[in-house]
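Listed below are the structures to be examined.
Each of the next two complexes has chain A plus one other chain: chain B in the first, chain C in the second.
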Partner chain A sequence: MRSKAAAVLLAPSFMLLLAFVILPLLWVARVSFNTTVDGAYMVSALTLENYTRFLGSPWYLVNTLWFSIRIAVLSTVISVALAYPMALYIARTSGAQKSILMTMVLSPLLIGLVTLVYGWIVIFRGGGLLNSLMIALRVYDEPVRYMWDLKGVVILLVYIGMPYIVLSLLDSIERINPSLVEAARNVGASPWTAFWKITFPLTMPGLHAGLIIVFSLNFAAFAVPLMVGANDTQMIGLVIYREALLNNDLPFASSLSVIMVAANALILTGMGFVFGRLILNRLEATR
Partner chain B sequence: MNHATEHAIQVHRIFKQYGRITAVNDVSFEVGQGEFVSLLGPSGCGKTTTLRMIAGFIMPSGGTIRVNGRDVTHLPPEKREVGFVFQNYALWPHMTVAENVAFGLKLRKHGKDFIRNKVEEALSVTGLSGYEDRLPRQLSGGQQQRVALARALALEPQLLLMDEPLSNLDRALRIAMRRELKQLQSRLNMTTLYVTHDQEEALSMSDRVVVMNGGEVARVARPFEIYEDPQSEFVADFVGTTNFLDGEVLRTQGGQAVVQVGNSPLQLVVDSEMPPAQGAPMRILLRPERVHVSRDRPEGANVFAATVSFIEYFGPTIRYTVEVEGKRLQAEVHNVDRPLAISSPVWVRIDPGHFRLIDRKGA
Partner chain C sequence: MMRTDVGGWALRLFTYISMAFLFFPVAITLLVSINPREFVLPPTGFTLEWFRAAWASDTFVRAMGVSLWLGLTATIVANAIAFLAVLAMIRYDFRGKTLINLLIMSPLLIPTTIFSLALYVFFARLGFGAGIPALVIGHTLHVLPFAVRILMASMQNFDMSLEEAARNVGAGPVRTLFSITLPVIRTGLLSSLVLCFVLSWNDFPISVFLAPPGWTPLPVELFSYIKYQYDAVGAALASSLILISALAIIVIDRMSGLRQVVNH
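Let's look at the complex of A and B:
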């Protein structure tokens, strides 16, 4: 009767997913084939014109889809580069030191996004702390524009993405039995070689998990480009928001949503394939 | 005398302190070329810490470690050229059996053919031919153990350090692997330092045993010396089972002493090469298999009437607890005669040469 008990326990979460994820997505998919008529909210139809309007436009493809992918890749890569050493370091600590570091790493998730962004504005705006410091230290003479600019978007996406990568890497690192590294040292590997040949490959499951979360968040980012982006920051999440809520063009916004989900799924599948071939297939059953 | 050529391992007065805790306290011993030495002791006795210091995974707080005459005390593990087999095997899960074995050879920049031959050789020696492309998770515990051994042997190390390599295997496999390991070690004449808490393993495999207790060396001797003449209460108690009897020397005659056992009318005739002084307090050690139990009254010294009070049936042997003049003795006999029943009256005889005496100064 184990399957029956499992079904009872899984039912609430399944219902929740159905009601708030699957059904709305299906509705969005359906709406993406509707049309808008001046003066009317939208008209039920079965047309592909919303898709051709986006996919047929080089401007949209380059400035929205490709732009979003590039920003997402860039900020995800920077997050990983910063998070990896941090995770390695935290894995070696314990007790109070570890708690303090973990709290610091998780703080971006604990503070609300709006509070976070306004805090960053204080630091990064034209006459803000960072520019004052840099000018005082004579790193540069003129204030650099960070906020309401692409730099600010990337900085914030990196900052928000890091905790997820640190957390998932930390899990992988802490699963590695220290004797695996000792065994490598014993047969002649330097600490550096032991890291690249043993530790690093064995953290790939954690890195993969972190990449899935952070790339998806960055690719679909909406609040960050809205609050600190410039007018030409046409990230796809932001464009969807504008079309749906400012231009009242729900069918077009819906088709963009479908394209966004599909592109993300495609990228994650490709990434999963590469990771699988590289290492995960070998580790699979042990995890 | 030149120690450099004499000893494969020379551990000299090493210490390891963790804060105020001393894990290893002034430990010294040597391992000769081709010798099989075990570090035997209960958990927490410092045997694994000692082994890990020789491998370079832990730095000693003091003392020196020499491997084939070379001072390796402050060398990192990769510079020590010693093989190590871990208790949990420590196979790299993302590498196949062949890749695990080849890893160290590749680091030494050997040619492809050379590596392939060495891997093949190491796998065939450990009985793993045909498993080259398996991943560790696709192997049984015993097979993983063999891969760990093959990985160490492929580098032809000057000596092999093993940290309880068999303790994760079930009993039948453990005994089979024990024999195989010992035969392989003899055949390759591989100097081996072997950590175990299993006295059977230590006694059956070793040329010499280093018994450790509380971070210190309790005894270094050949297996039969350890068992037959433990020389200390700890060794007697940890290795095998021992009857302890406290008493005083009543009188000495020739090469024998008569010991009056405390709180009992029991008087034992004990062989003693160097007769102790009259009235000296003594602790007597007596192995259970040296206590003879019979239905009929035997002839000779140390014959006493006794009663069986407890029986432990082991199969090949039976251990009787017998009461002699208010003292309890354990006697282990081969399961060849008709078993005795509880409360049955029996005769106990102990050969005067089978006791061991320890001084009981101030006890």
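Let's look at the complex of A and C:
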């Protein structure tokens, strides 16, 4: 009787998710084996040609898959480099200062992407602020192309990834018992040694969590390369978008998403393995 | 001792520089939108001319209407079904609860690219393609996990004996819901409503995939505007969106704390 009540309460969300998330995902997997005739009409089939078209093409593998991985890794690493010190500093603050810093770090997550992109365009476009400043300071003579270029894509991915990394790291840092660091200092460790031996290893789980989120977001990104990328910024998410909406090649777009999810899972598994080893090694070393 | 101070000082400096990086584009957009001379910085005066032009544009006003309608529908539907789901998860024990929870959170775990593509391909199969139903459903499911999480947190602190007391003195289930349950969780509910709305209102990736021609939400309209036109009217519109988001951020932060709400 009681579980019947629970079933009734859960029915609306369950049905909606089943009908519009699970079924469509399964349908995408099915469509990835279909073919397209005359470049527009989808025909039901069971063929691997969409997969071989991508995986069998060195051009796609280098310019789309490997390119996306490289860009995602690069942006994620820069995000971490910028966010790690921020997380350390925010963890030391308290009260009003902390809540103001937190609000500032997190608000880009709620301000829309287009709005943020607009600000960057003003700064980075050909005759924009940065170029005017650099030319005025004689750093270089000709305007440098930042927007509608790979640089713009990386800058924006770094920017969007930072809040997530700060958030995951803070969860870890705040869990560290301060007396551990204090004890290390009392037995004569320098602040740097204390950080390296105590704090840093203990932030590994938070860093791992942040990397999972941000790498996946960057790897699958299509909105950022769509908005500020160049024509040759063939990130896999953007290729999916173009194939589906501009070329109406749903089977190819679907097979690309399957490949993207598989590649992402593979990379995250590898990363999980590395983090597992890192954490284990640290434990052994400190024993 | 000296070294600690140097380290701490460097950390603080670095943090403020990174904060400046985070806020630079927002600040620049706001400055450009009130500056009478287009894109000449620092500002030479103050004007609301660009705002007036942005808010008088038929295209933008129509897009605002679309975004408002879309945001309100997605918010109300998502919160209604989230409320029911949270009631079930908090009050009843049943098998497969973890699985249900994972299913509800799934729109957050699936990349937006694939989430949108799946809806696009699926609706094409149903014969609609990109259209209003796909867009509304996409937005609703996108904000659903946030609603569930916030409502779950506020229901967890809810004292069940209050409801029992109301029932004991003869209040029906509907009356109990409106005079006990909803008032008690109102801060959580309010921040959930505001968050869901602002996420939908500002969403670009799902909308650009699923919006049908002639029914364009504001962020997509703004994007196509700044792609072809580069003037301060775009800045004024972007600033309007920033101000609306800022208001939402303040409300959410006051009600539930921003950090609890956006954590993945």
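Methods note: the second predicted complex is superposed on the first by the 256 of 287 C-alpha atoms of A that agree within 3 Å, B and C clash if a C-alpha of one lies under 4 Å from a C-alpha of the other, contacts with A are read in each partner's own complex, and residues count from 1 in each chain.
One rule holds for everything that comes next: a contact is a pair of C-beta atoms (placed from the backbone, for glycine too) under 8 Å apart; a residue touches a chain by one contact, two chains touch by 3 or more.
Remember, it's a predicted structure, so these values are computed and weren't measured experimentally.
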| item | value |
| --- | --- |
| Fit or clash between chain C and chain B when superposed on chain A | fit |
| First (chain B), second (chain C), both or neither touched by A:Leu180 | first |
| Partner chain in contact with A:Gly56 - chain B first, chain C second, else both or neither | neither |
| Per-residue touch tally on chain A - higher for chain B or for chain C | C |
| First, second, both or neither for A:Lys197, with chain B first and chain C second | first |
| First, second, both or neither for A:Ala220, with chain B first and chain C second | second |
| Chain B versus chain C as contact partner of A:Gly270, first or second or both or neither | neither |
| Chain B versus chain C as contact partner of A:Thr103, first or second or both or neither | second |
| Minimum Cα separation, chain C to chain B, after superposition on A (Å) | 6 |
| Contacts on chain A seen with chain B and repeated with chain C across the two complexes | 190-191 |
| Sites on chain B touched by chain A in the complex | 55-57, 76-78, 80, 82-84, 86, 88, 90-94, 103-104, 107-108, 135, 137, 151-152, 155 |
| Chain A residues within the chain B interface of the complex | 177, 179-180, 182-191, 193, 197-198, 201-202, 279, 282-283, 285-286 |
| Of all residues in chain C, those that touch chain A in their complex | 3-4, 7-8, 11-12, 14-15, 18-19, 21-29, 32, 39, 41, 80-82, 84-85, 87-89, 91-92, 94, 100, 103-104, 106-107, 110-115, 117-122, 124-125, 130, 137, 140-141, 144, 148, 195, 198-199, 201-205, 208-209, 219-220, 222-223, 226, 230, 234-235, 238, 241-242, 245-246, 248-249, 252-253, 258-259, 262-264 |
| In the complex, chain A residues that touch chain C | 2-3, 5-7, 9-10, 12-14, 16-18, 20-25, 27-28, 31, 82-83, 85-86, 88-90, 92, 99, 101-123, 125, 129, 159, 162-164, 167-168, 171, 190-192, 213, 216-217, 219-223, 226-227, 237, 240-241, 244-245, 250, 253-254, 257, 260-261, 264 |
